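Before any comments, here is the structure.
We call the chains A, B and C, going by the order they appear; numbering starts again at 1 in every chain.
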Amino acid sequence: MFDWPLLQQNAPLLLDALWVTLQVSIAALAIGFVIGIVVGSLRLSPVPLLRRLGGAYIFVFRGIPLLVQLLFIYYFLPRIGLPNVSPTMAAIIGLSLAAGAYIAEIMRGGFLAIPGGQLEAAGLLGLSTSQMLLRIRVPQAVRLTLPALVNEMILLIKASSLVSVVGLADLTRTAQNLAASDYMFIQDYLMLAGFYCLINVPLAYCGSLLERRLKEQTA
Amino acid sequence: MIFDPKIVTDHLGDIGSGFLVTLGTWSSGVVLGIALGMLIAVAQVFGNNFVRAPLRVFIELIRSTPFLVQLFLVYYGGPAFGLSLDPIPAGILGLGVYGSVYFAEIFRLGFESVARGQLEAADCLGISRLQCIWRIQVPQMLVIILPALINMITVLCKETAVLSIITIPELTMVLTGIGSETFAFVETLLMLCIGYLILVELCSRLGMLLESRVGRFMSRQPR
Amino acid sequence: MNSLLIPSGAVSASTREKQGESMKISATAPGEQPTILTLSKVGKSFGPLRVLKGIDLEVQRSEVVCLIGPSGSGKSTLLRSMAFLEEYDEGEIRIEGQLLGWQNTDKGRRRAPQSQINQVRRNIGMVFQQFNLWPHMTAIGNVCEALRRVRRLSADEANKRGMAMLEKVGLAHKANAYPAQLSGGQQQRVAIARALAMEPHIMLFDEPTSALDPELVGEVLQVMKTLAKEGMTMVVVTHEMGFAAQVADSVIFLDQGEVVARGTPQQIFHNAEQPRLQQFLQNYLDRNAFWQDSKPPTPNL
């Protein structure tokens, strides 16, 4: 059932594509993290309007399928005068916006887990709101949410399989192209699945390890 | 960039059928996923290691790969195993298998959430394992896992958009088709977004309603 | 020592009165063995820790046996073994002559099939420290569940018997309340009704009042006293020495997985000879007699 020479021929191509997938996912995680912190703290803002704004962002970007969001970017960006956005950029924008919504929810949970007394103490010492956010809340929230963030990375790597709709030759698209030319569907797609596992299984392991450690520390 | 309602009214029939296909694949996928997930969870909780180990691998594999890749394997790879499915059955099977492992994890946590003492009490009264699962564990865990369950069901709703890639004529496929026919991308895509938002929101509202209903016995106030 | 457990001429007045009543209620058939529960050399280990070290015990029909001892003495494990909630690994437990939980084969013994375990368990009712009511069912639902699913009674019949049991524990008016709407004492009474509904020949109580607020302990003990008076065979793990002194026919003191002392309440509480028992009772007194004179409490109660 397997054609080994072909496998050896295709594997390097997929390895290159894996690099594309990873780049896009990591970039999206980084940008999504920033969006997540902003939106997550908006959700906890004392100002009702800001809370609503944060809520609306999460509602929209979590509620719409990623594929549709990507299609939107693909067709919509040229319409608002950005015809020359590269496929990589479009993919990163799409993934980041969606990741931001999920990370915002994660960060909100992290922020809420920090005992309120700490912030009162910081306020009494005269720290400003942004200082409190960056020096006290974010570092602790990140520690508390690290397992969830690792999980988010896995989700992003999987979600990036959809970026081919904006024309980026990621792992999935490359395998699709290979399968379309050699008709070895099972072989090519199993190899594709293998490449995803190669990244995600160790990541998942790290995630559960971190989770266990966190549990021990907080217990 | 002005919204032209004519685009929508002209293709109302197509959009309606696309909507029905989305609803149909979604609900069938959810039912299949929940059924498979329940089986997996029961096997994991009550089975021996010979059952558990391969299930663990299966769960890990499904969780580590994108839904699209699984869909490709079922739809394009299926024929090599003598499983030639039309797009829609393949899509439903893919959705069900993909959802099953997440449902299984939810159910497993649910089973573990019911206090052991309650099962001992049932044991002492001679209530059988199966009756115990069905009458004591499932009703209670439903309350606890309902939020996670509803969340997973909405996730599957969004995943149905991916089915368009294997040419299932659901909402996304129909509307982007109309878009590229008429070049009215803004109208069709907006419509698409709003359509999914309504579906997802409806689902979570329904879930909240259900939560307040099934959780009643937890409240201290008499009805 | 064994003779202490058998109601003989030396039993208290309350026991005699009980025996008279038990004739009417549990109607011991002539020729039926008076011994309902027999433990011989029962042992149990959790890993390297041997929590039960060869316990021998007999319980007669209508007898009330209280197990006392410090925490970690193995008394709960012993009681749970009697319902095979713990798999004891040495010795034998027999309920009305039937071996509980194990099957003797030529290759040694192995776990009996569940149906057989349930068959032996039919005659046991168990009441837990944490009540273990099913929170998604009403009080009457809890009581009727096993009647319906195990005894296969019709809804009407189960309901009738269930209500009678709730009546017995004084909670008929709470039949439709969910456990969360009941006080701890009420929940425990429902749990007792649930066990009673199956008409067990012997009731096991695992610290039935330990999880209760002090003011709720009385109502549960009252129900248990009534049961004892009616001739129910009971084994009770308890910290309520008052209850043990009043109601028990025999008291067994366990420490470190061994029976250190056994006897009538009189012998255990008033004439304790064993140093470990004396120490245990002393600790109990120190904890519970703070309102008495500040003079050091005497070893004898």
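The working rule: a contact is a pair of C-beta atoms (placed from the backbone, for glycine too) under 8 Å apart; a residue touches a chain by one contact, two chains touch by 3 or more.
Note that this is a predicted model, so its numbers are computed, not measured.
Visitor: Name the two chains that are joined by the greatest number of C-beta pairs in contact.
Guide: A-B
Visitor: Can you tell me which chain is nearest the middle of the complex, judged by mean CA position?
Guide: Here the chain at the core of the arrangement is B.
Visitor: Would you identify the chain whose Cα-based centre sits farthest away from the centre of chain A?
Guide: C
Visitor: How many angstrom between the C-alpha centroids of chain C and chain B?
Guide: 48
Visitor: What is the distance, in whole Å, between the centres of chain A and chain C, each centre taken as the mean of its C-alpha atoms?
Guide: Comparing mean C-alpha positions, chain C is 57 Å from chain A.
Visitor: Can you work out the whole-Å distance between the CA centroids of chain A and chain B?
Guide: Centres of chain A and chain B (C-alpha means) sit 21 Å apart.
Visitor: Write out the stretch or stretches of chain A touching chain B in their complex.
Guide: It comes out as residues 1, 59-60, 63-68, 71-72, 75-76, 79, 154, 157-162, 172, 175-176, 179, 185-186, 189-190, 192-193, 196-197, 200-201, 204.
Visitor: Touching chain A in the complex: which residues of chain B?
Guide: So the residues of chain B touching chain A come out as 1, 60-61, 63-70, 72-73, 76-77, 79-81, 158-162, 164-165, 172, 176, 179, 185-186, 189, 192-193, 196-197, 200-201.
Visitor: Going by the contact rule set out above, which residues of chain B touch chain C in the complex?
Guide: Contact set of chain B toward chain C: 115, 117-118, 120-129, 131, 135-136, 139-140, 143, 217-222.
Visitor: Looking at the complex, which residues from chain C come into contact with chain B?
Guide: Residue list for chain C touching chain B: 83, 85, 114, 118, 121-122, 124-126, 128, 130, 132-137, 145-146, 149-150, 177-181, 191, 194-195, 198.
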